[in-house]
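What follows is a pair of complexes built around chain A, which joins chain B in one and chain C in the other.
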Partner chain A sequence: MPFSAQPPASGERYALSASLDNARHLSSLLRAVHFQDHATCLATASGLRVTVEDAKCIQANAFIQADIFQEFSVQEESVIFRISLSVLLDCLTIFGTSSLPGTSTALRMCYHGYGYPLMLFLEEGGVVTVCKINTQEPDELLDFDFCSTKVVNKIILQSEGLREAFAELDMTSEVLQITMSPDKPYFRLSTFGNAGSAHLDYPRDSDLVEAFHCNQTQTNRYKISLLKPSTKALALSCKVSIRTDAQGFLSLQYMIRNEDGQICFVEYYCCPDENITEAELEEKQLLSFQISSPLLSSPLPPLPLLRREEKRREEEEKR
Partner chain B sequence: MKCVIAGGNVKVLGRAVHSLSRIGDELYLEPTESGLSLRAVNSSRSGFASFLFAPLFFQLYEPGSAGPDAELLRCKVHMKSFLGIFRSLPSLEKSVGKCLILLKPHASRLVLQLHCKHGVTKTHNLAFQECERLQAVFDTQRCASHLCAPARVLAEAVVHFPPTLAEVTLGTGPGGKISLRNYVEDEAEPSKTMVTELWLAEDEFQTVAVVPDSHITFCLKEFRLLSFAEASNLPLTIHFDEPGSVSHLPAPPDDFADDLESYMVAMETSEGGSERPPSPTFPLRTPRPAQSGPEEEEEEGAVPGTPPPHKKFRSLFFGSVTTPGGPGLASTQEVLAEDSEGEG
Partner chain C sequence: MRFRAKIVDLACLNHFSRIINTIAKLAKTCILRLTVCKLYFILSDKVANGGASMWCELNQGNFFDEFQMEGVAAEHNEIYLELVPENLSRALKTSQSAKAVKIKLTNKHCPCLRVAVELVIEANLSGEMNLKIETDLVSVTTHFKDLGNPPWASEDGCQSSTQGRDLESMAEACIDIKKLQQLLAGQQVNPTKALCNIVRKRIVHFILLHEEVSLQYFIPAIA
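Moving on, here comes the complex of A and B:
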């Protein structure tokens, strides 16, 4: 494979070739989906999509549109390859991650085609670095088949309202339970950890809620370990849209404004965790507390029974 | 029990919980007629801390129905769980408007609900255990020595000691000076250990009434709790006697400014090395009644919703330890750099 320290002349045919004045426009978005070592990159005329998946349950996509780049050209209809995201990020941030005002790393990215490595030319302050990252066969990606017609509930929130909540999620809880409803509690995030249960309620008329379209009461549970990485995307974003479909699949779309004020998107899709019911969760929690405190003087009533009674009472009150 | 804490007091409660978390792994809650008491004890039962929040601290305070037969519910929760709710003090200050604590008689959970800005509500349902009353046995009258100083003075003194230092010896020297010195094990070689000694002149303290040549050694980690006192700008009084007896810090008299939070620290001393037997001084005992000033009674008719003008509470007891053989431990160490100010 030919190796050159010079960026290629624009006449050469590369399957993908792109230029970006500020590599951070790319690296910050890639970091927001970096929860696995490998990613699948898809380049089309509209731009670059980087996909990361885990456990066949969660998928994150970072979209960097063509107009973010100073130059973006894709020779074929689409170009797709698998690459080490960790290595790609290390290369993009080779000049350091601190963002001093005025300084930025310029990037030129070239990909010859199938079987070739991805070439990166990075320049900052007159210093040039050339990186060559091997590419692999792309994985088959999950298709969550999430289109707007299938959406049952949708809420758009200002990210600042959720950031603290996600950062402080009780990680001893196996799941994050999301309730969306046209009635109270409207939008609720719940965890069931060793400490006890915690519920975070957002009323529909909160000034954090930009849009509220809930048609049906839905409560779904998602493995918290899978959703926790989305905190990075949330931290970068200004708005987040939360949508669920009839099967309880979750779509989180984050609107991110980069340093130049341009808009990019990151989305997370997650399958619901069907294995455990709320009653089972509460009981598990009660047991864990009992085990760690053997000197329980007065035995607590069995919780599932209590919940059923509570629900009955609630239903009676409604009538 | 039902109580509501409004505004800036939520952060004060948070700070108290942070302080208690340094003592023990469990937080004891005891609602009484004189206020809500939060307590903690360390694993060796040589250190005990207690914060008493008077009813005026709350926007609403209902300790619960306690007839002559029914006793008010006491419970304990995992410190980590409770602390998790108040973990970030700056964010408490910034976003929490109100905190509700609810314990229903036959409920299986202690409910803490934070009402935050933007209409957001955080509800925590904590598992708890009913428990016996936790109380330290002490008697101020029996303490031979006492000192009173602004918390800041003691905090600044303590800062000179390495953060990993376990124990420190407080002693009284000639001319009414007070010394603080790190406690070094007998087995340690004198040539290989660093000894730090700090002398405080009598005028740094508000009150000094000490028995000459008396020393006590106590756990520095627990003493660092005075960061709470410092944050609240409170004076600290230390009462101590001979090693082996209980020492105590009472609340300052009510002639302090109206909105000053009153607080109390007590130290319990016990003999023996690090393997201390469980302290015999924590039996079931009725706590001392709160010293409430006349102003508090007048405020009871305050309109709910107005922030309480008085925030009174008492706090902190911690253990002190010394080897048998009494005082004189400090004098076995050679002082290489004497206090330069004349002692005569």
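Moving on, here comes the complex of A and C:
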């Protein structure tokens, strides 16, 4: 289908029409949530929200508010569609990802409505690229029902404190365990991998802790493979707020400053992993110790016996 | 012997690519056996080299939308070729978001499998050039303007006449994007000038000029 190289005039009635002088303001945020191929885009008068989900357990949202754009208009109350995030990112970065000083890609985005493709007009150095990306029926999105009144524990940290920790998470561990408490250890990240368990503590009076509001001791486990992609958002952000509710649902909110100093947010929501219990984690630790210790001259007794022994000894000590 | 096949479905292409990647990790070279219904990737190694063998069988109908094969003889309607699966894997990598991937057996200088991903390149005498690509998810066109149209000087010294030619009409050719990628990726030094000649539906000719070196690269159009 041929279409002209000129972007349509602003007078034309598009369901969604937006202009952005620097496409990186959009592409860098979208990269922070790019852990699945597809995303659901919701445009309202407040701006654009791009949602990515996985395994019905984790949801990431990138918010680009209307005032980031030079022009942003939504004709109906809201416009929603599903789109290939990989293709969208490839198009937004078609002129390359490295940022030469003084150069930027200008973007104009148009969407006619249901059933139409998303049109992108990108310009850099006099060269114009026109992209027509097919849109699909939006998915049903999870509602984590996370509001400030339901928050049990909340910590705000400077991102630099967490970046190294997240980048070096022991990925042989199935879970990332997060402990938040008004008492020691205050805030602890734990993993239980093949080489052993690792605990990283952040004291409440640390310089990196900007706010500390913990009412209850909570320990929750989250599938590490689901949380690992949040490292991208962490890398871009200057601050992160970590909140849990009574069910152990986790909310990570990242405050990101773009090249022009404007503030945008990315948030990740994650369900706690009910399947793995503390006992199973301990068993895994003991098992891996057995496997990696060929020097043991006699084999260890089977685990249930070991526990019974421990319990017996504990009871004896009590008496 | 003839073989032509086409994959249009992205999921099939991804699945096929993953299988080829697996085979590439298991064998440096292997035998590809083509029959009317199936593809076989076979490795039967000598005992001296460890002796590991591999046999991989695929139903062509599960992957290809078009599959045409004429074997070495009527009674033996099969084709055997020895190939390096790593090369096939790399070729398929560049076609991850293509509209269609065509694989063809050719014998120009020696028998080889050709994997084609289509890019349309067109230009006119008004200094405009467009690159277009289309897949089942997206169509992308890049428009270049204000490009130069240097005249050809012919052997007798006269410049070629552009009179009578429509300056706006585009000359286009559809080429394998992998060939263009190879040319661009291979650039170690930025040329002082880059020229492109297009013969409608036939060939695209690139001339890269450096101070002491000129490089010409011809890419034939895909049938």
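One rule holds for everything that comes next: the second predicted complex is superposed on the first by the 289 of 319 C-alpha atoms of A that agree within 3 Å, B and C clash if a C-alpha of one lies under 4 Å from a C-alpha of the other, contacts with A are read in each partner's own complex, and residues count from 1 in each chain.
Keep this in mind: a residue touches a chain if its C-beta (ideal position, glycine included) is under 8 Å from a C-beta of that chain, and two chains touch if they have at least 3 such contacts.
All of these numbers come straight from a predicted model, not from anything done at the bench.
When the two complexes are overlaid on their common chain A, residue A:S84 makes contact with chain C while staying clear of chain B. Of the two partner chains placed by the overlay, neither chain B nor chain C lies in contact with A:I156. Of the two partner chains placed by the overlay, only chain C lies in contact with A:I94; chain B stays clear of it.
In the overlay built on the shared chain, the residue A:A66 is in contact with neither chain B nor chain C. Once chain A of one complex is fitted onto chain A of the other, the partner contacts of A:T129 are limited to chain C, with no touch recorded for chain B. Contacts of A:H199 after superposition on the shared chain: chain B is touched, whereas chain C is not.
If you count the residues of chain A touched by chain B and by chain C, you find the higher number for B.
Applying the stated touch rule to the two superposed structures, the chain B and chain C interfaces on chain A have no residue in common. Listing the residues of chain A that touch chain C in their complex gives 1, 5, 84, 87, 90-91, 94, 126-134.
Of all the residues in chain A, the ones that touch chain B in their complex are 161, 164, 168, 170, 194-203, 205-208, 285-286, 289, 292-293, 295-298, 300-301, 303, 306. Residues of chain C that touch chain A in their complex: 97, 136-146.
Remark: chain B residues 78, 80-81, 84, 87-88, 91, 95, 106, 108-110, 118-127, 129-131 touch chain A in the complex.
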